[in-house]
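Right, I'll just put the structure down here and ask away after.
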Amino acid sequence: MSQLDYLVKGGLVVDQGVIRRADMAIANGKIVTVAADLAEAAKRTIDARGKYVLPGIIDAHTHPVYLDDLQGTSEAAAHGGITTVIHYAYAKPGTKLMEAINQFRQDGESGSVLDFALHGGLFDPKHQAEEIPMAVAAGVTSFKMFMTYAKLKWMTDDYQLMRTFDIISQAGGMGMVHAENGLATDYLQDKYLQLGRDPKEVFVATRLAVLEAEAVNRAIAIAQVAGCPLYIVHLTASEDVEVVARAREKGYRVFAETCPQYLTLTSEEIFGQGALAKIGPPLRGKQDNQALWKALAGGVIDTIASDHAPKQKTKGDDFFAAAYGSPSTETMFPVVYDAGINGGELSLPRLVQVMCENPARIFGLYPQKGTLQVGSDADIVIVDPALTHTIEQKTQHSHASYTLYEGRTCLGRPILSMQRGEVILEKGTLHTSPGHGKFLRTDTKDGTRGFFAKKKQEQDKY
Amino acid sequence: MSQLDYLVKGGLVVDQGVIRRADMAIANGKIVTVAADLAEAAKRTIDARGKYVLPGIIDAHTHPVYLDDLQGTSEAAAHGGITTVIHYAYAKPGTKLMEAINQFRQDGESGSVLDFALHGGLFDPKHQAEEIPMAVAAGVTSFKMFMTYAKLKWMTDDYQLMRTFDIISQAGGMGMVHAENGLATDYLQDKYLQLGRDPKEVFVATRLAVLEAEAVNRAIAIAQVAGCPLYIVHLTASEDVEVVARAREKGYRVFAETCPQYLTLTSEEIFGQGALAKIGPPLRGKQDNQALWKALAGGVIDTIASDHAPKQKTKGDDFFAAAYGSPSTETMFPVVYDAGINGGELSLPRLVQVMCENPARIFGLYPQKGTLQVGSDADIVIVDPALTHTIEQKTQHSHASYTLYEGRTCLGRPILSMQRGEVILEKGTLHTSPGHGKFLRTDTKDGTRGFFAKKKQEQDKY
Amino acid sequence: MSQLDYLVKGGLVVDQGVIRRADMAIANGKIVTVAADLAEAAKRTIDARGKYVLPGIIDAHTHPVYLDDLQGTSEAAAHGGITTVIHYAYAKPGTKLMEAINQFRQDGESGSVLDFALHGGLFDPKHQAEEIPMAVAAGVTSFKMFMTYAKLKWMTDDYQLMRTFDIISQAGGMGMVHAENGLATDYLQDKYLQLGRDPKEVFVATRLAVLEAEAVNRAIAIAQVAGCPLYIVHLTASEDVEVVARAREKGYRVFAETCPQYLTLTSEEIFGQGALAKIGPPLRGKQDNQALWKALAGGVIDTIASDHAPKQKTKGDDFFAAAYGSPSTETMFPVVYDAGINGGELSLPRLVQVMCENPARIFGLYPQKGTLQVGSDADIVIVDPALTHTIEQKTQHSHASYTLYEGRTCLGRPILSMQRGEVILEKGTLHTSPGHGKFLRTDTKDGTRGFFAKKKQEQDKY
Amino acid sequence: MSQLDYLVKGGLVVDQGVIRRADMAIANGKIVTVAADLAEAAKRTIDARGKYVLPGIIDAHTHPVYLDDLQGTSEAAAHGGITTVIHYAYAKPGTKLMEAINQFRQDGESGSVLDFALHGGLFDPKHQAEEIPMAVAAGVTSFKMFMTYAKLKWMTDDYQLMRTFDIISQAGGMGMVHAENGLATDYLQDKYLQLGRDPKEVFVATRLAVLEAEAVNRAIAIAQVAGCPLYIVHLTASEDVEVVARAREKGYRVFAETCPQYLTLTSEEIFGQGALAKIGPPLRGKQDNQALWKALAGGVIDTIASDHAPKQKTKGDDFFAAAYGSPSTETMFPVVYDAGINGGELSLPRLVQVMCENPARIFGLYPQKGTLQVGSDADIVIVDPALTHTIEQKTQHSHASYTLYEGRTCLGRPILSMQRGEVILEKGTLHTSPGHGKFLRTDTKDGTRGFFAKKKQEQDKY
């Protein structure tokens, strides 16, 4: 064997549901050996003593369209220990899905500092859904629709939802939804605003968890009729968890995601920070935080992703005019690690499952990504569990001028990450350049099948 | 006390959850005594030995708009042992709700042979919902919308559903829905018809139980947001029962109805009888029959009503052009008695609860109707449990030229019924005349509250 | 075909889970036809119009050893509409099991007015269990032990319970237990009596439902280890029901019985009637009555039997010196019919299952007994649902000088019964004589297997 | 403030359900500060960077009576990172409980290298139970009985169990049981041995999980009647977990313990290692291992303890003559840490709850022991999560000549521990001497009350 590129020595390797003390040899972008006490020569030996060595984090939910473009999003993500990003390639009404996919892919291939894949985003499935088979052939196999935001003309009605899931199912893809009952919400919003109530109160009072859980239930029902696997993004509430758990018991192919903000923040932020904390679905209560942690530990929720979408600060109090979204990808791992591991909510192997292994399996990137097996891409992140840092906007790398975690001190931080065998982050500095990232084809057919076989065991375990 | 009008001697009186052997004295249209061995003089003494004496049956779901008008519907119902009917007063698009209510009331007061109340039916709640407070003031307090039939322009979308439930709730009324996901169904129907499949197969394959249960779940969610009590008409499937049971566990004010056809027939009828067996939601499977019986026995379903809506026979095979509905009110009691009591599915006191007491309580007619207490209207039906008869269209009183139960032999039949102390049915002959029936104001505020207090005990019991 | 002996005309026949209007032809002791409108000639035609025709009731739990001997017990039972009795043939310590069985069989063959079978009763299984294979060969296949009454030397400890279940299992028999934790009870009793408390209070305070349910759980565990089917006699409490339901869910072959007294009386009787109401396990609360009815309706409890054991009145207040037991076989059917059918707790077909079909199936007497099929013994009971009578000791036929139901008025009463095609009870008079009854061999191997196949459907039904 | 004795710098402190990076100042045997970046002078500063700092481990289940006496047990425990031991002070038949307690206390005060408390052990509660109030007054408040081992004359029958729980309850103590149905087991053993089967097979085939769960259920029932809190030692099987979970749902005060061997070994050891792996209850299957981990994570099992009881190797194959027990206290923490934390079964904060906080709370030692709060005893253990070692008998400190974990490599090991502010273990060497340990009074009244309040939150959490 030729000389190694890297030898990661003495770390605690977390992978495949276990922690072990192992050295890791890397050459030609791949993991070549994982074993105790490797003594081979390497161009560089990294001392990982006292550190955890994890598969590179996968952020399967980003929107590179507001303040952070695809390059900016990838840079912010890379600073957070992430090595693979799956962006939403949204096709605006009146545009073609393949145009959007091609554009995002091109932007990524020229600008991304990280390997990336794409979800298709359908604002107008009535006119865009027929392109789905083409998208699948092009390596984009998951397609998201909104069940809300009728006022923005983003909402997909149940006719098109049924139709699009049917097309996706035929094409071998996976459906995705932002699940909130948009029309019921709109009535409530119209009514309360007309009554002159405070917009922040109106926002919280109209995006109800019961209407989110309703939409989750509806999407599952319709997807099951179509025989379409379904991935539900950003669950926020205990009501949602109940619906997903029931669907799982029935053997439905349903996957669920939550985000750091729903695990650690509450609607108090909306009243404190105003439109900056306007995200959809909204932040909820402490009990919901707890329910989501339990659902992650117990296997009902499969993944954590960021929903990174930093927007411009809007002037004044025009809460409803403000965009949705917040910067989240760079803070994701430290915030989740601190609240989850230090807070005793999850075991570290389970954290790795929901942030690395599961997104890779669900979207068919496994075992190239999401694991530290011999032959996998050498995408790794080294975490110092004892390193404390305080999140401040001024040291964040998003182009956003704020963070919802301002002043939060987190214990545990990525200190080094590699992509395909090259160090891309070390001590807070990026060593990668735009265009370094490669486009990854997703595959939702076999990946998810394998995932379900795995799920059974996991559920026995947790 | 003045002389009695009637003395019903020797019967087995079924009321308030028990059977007892008692005589019943009737004067001035009211029940004046219920006791063992009454020896008072009466103008007429009715020998009820070997017979069950029940409160008059209430049919809370009829559509007097097709072949049977309000008078015809009431006559058919009266022949079936029913003494109170609640008709749907539907306001067509472009018409006023109060016009419909006034018209149906007028038709009833001039033509009904039975006491009657009305539900408001909203084809176009966007323009009709503002009349709801007026309707409530006029004694019509329950309002139904369709969650399906978009092609017929009958469908209410979730915005209007949310809004209308809100208005109903404020007015002290009760919401009602026909729960099926109309848009998802329409997509499936368009697709399958385009593929040239047999219309009957298409009908069955597109009105799926999972899409009905979805709509039930959605209606409950939206009604709960509005704080609106909800009555779900004609449940058909085990999937529905699961949804309602969960809502009950959460303490939601949700009521559920099923119909004789969903308890005793299956989708085989559609293939055998074609468009005559086209009802909405459709007939389902034997397992659903069983699930509905269990839900009635266990307290999840509250009422049985007929959904009487006999339509014209259509020529040829134009299944989708045919109207929905079937004649059902006259056959309801014998069919349910035979399958439920003789089939061992329900106890007789429970049958009386779901066909008499519960509809009276839910719609605020209790204790005037639905029970045999002293002071209640003398609405009674005497049932001979040993009398067999075979259902044939030619001896039915609907104007329909068919019955879905042709040739079915039922054991147990009403042989005499009274309304307000007058014999209106005896040995198959009506002794009442159009205009005899009185309009009854419903009241869904206190009635349902009392009902829920009662529910608790019932659930302990069953 | 030769002339019929009997034609039962016009009745409502309750059998196999349904009620139908049918005539029944009887010849040579067997049912030969069941059909509508039989017009064949018969020596006697019985008018059953307005009446229910049931399989003869089976009382599977009697103790013909106190005031009523085997003849007396059978006479009292016959007056209650029972046609088959299964007596406990108890072998006292120091005696042989086969001696007891032979003696009881001989007493029955000479004195019983009804067909009868026997359970073996083991006071001293350590010395008696080896006779079990002989007993099985002799047609006695079920064997009861006490888990309580150590002070009376009746208690079987867990060593002998394990051993005896093992022997029973090998022999193809069925285990039975009186389940109460005797030793824990004894400690409590010793303590409270020493404190000088009122014996009635002590009795109630020491025979706790939680200690009964414990013993039920223990018997089930030990029987399962032995692979021995288990029949638990006289369940009394909601705690028991929970244990049995759990065992059923696990697929254990466990059968459960309750008695009229546990369904309709409470511990108030003990304080009111003193030692006369001393039965073991004791009468409990109203909530337990309700739980037992629900368990019967829902399929958790399989049978109702009387535990008939009328004892002498003891003088004075010596509550603890008094024997256990009460007269119950004659009142069983009317009391259960009134509370169960008139009270709306059970459907009539379910009542027939738990009082006729199930005991016949469990003990292998089916379809000779327990059903009204062509070829079955013509054991029938005709019930007038409208006949009221008031239970009074002076008109009862037990030799007991009391009844726990004194003054209770019941609606619904057997008016005629037949055994093997001969009228044995008519209008309160017996037409049978000692020795008329035949010994029946039980069979707990195949019968129970068939029963379990049936159970599945039943559970789907209720 | 006077100068500090110790400053523990840079560690990850695990306590109260969370991990934080904190320094810890220790003076006069107590924790005086826990805060980030303490800069005070101390006699010695311990570098805990890359290490976890935990409350000293509490081993609440040891038997210092075989090869390891109290001193030897405490030394083995200390080598395993344990700082507090609760020994069983067993009173042999014919001896006084207080004699045993006084002897064990004296042995401990003269020989223990660790702080210690005592459980009372009753071989003959009939004659020993009356001393329980004295024992409680002397600071020994928990009392264990055997529900098995009748052949050894150790078994307590249900009369004495009921009586003793009653006495314990009155005295404010806590009951404890070794739960197996001894008599049923004895029958099976007698039978199978007589049939000449292999003793190891017989052992496994007669100590059935269903008979253990039965005894757990029985002990809970009897304790509840007495109103006595109950601690069930060494649960082994999924069947047990189900019973305890049900009792918890009912609000019973029941605590449950398991041991490292039941979490990580199976009955394969018995066939491989023979009598050395003979422990009671026996090792079971992999599914049981998993069920116990889940029960620990989910809050059904409260504690892990060692059941340390190393016995002499017996010659030859005399399996049944061999004593029960195995050495376990020294290996406990590394084995559980490796399988639990590295295996992803538990979060580290939960591990600290079940090995430190919960035993301290249940036995009333909290917050003196079991936590790292200011004012608590400075009992700490520093764990290096990356230190691997292989368990071998020759490097263990028990007097046993074997370990069931021979050759098992564990990742994660205690490297330093302190008791009351003095380093007692460092790099594998003890720095403490016999008699250093102090006797601790337990208190099961208030401690458990506080525990239950805490439980609620925990259950919300997991």
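Order of writing sets the labels: A, B, C and D. Residues in every chain begin at 1.
Heads up, the rule we're going with is that contacts are C-beta pairs under 8 Å (C-beta built on N, C-alpha and C of every residue); 3 or more make two chains touch, one makes a residue touch a chain.
Source: prediction; values computed, not measured.
Considering the contact criterion stated above, no chain is in touch with subunit A and with subunit D alike. Using CA-based centroids throughout, the chain positioned farthest away from subunit D is B.
Averaging Cα coordinates per chain places subunit C and subunit D 50 Å apart.
For the pair subunit B and subunit C, the distance between mean C-alpha positions equals 42 Å. Distance from the subunit A centre to the subunit C centre is 64 Å, each centre being the mean of its Cα atoms. Residue positions of subunit B in touch with at least two other chains are not found. The touching residues of subunit D, when paired with subunit C in their complex, are 157-163, 166, 181-184, 186-188, 191, 208, 210-211, 213-214, 217-218, 221-222, 224-225.
Those residues of subunit D that touch subunit A in the shared complex are 10-12, 17-21, 36, 49-51, 290, 293-294, 297, 341-350, 385-386, 388, 411, 460-462.
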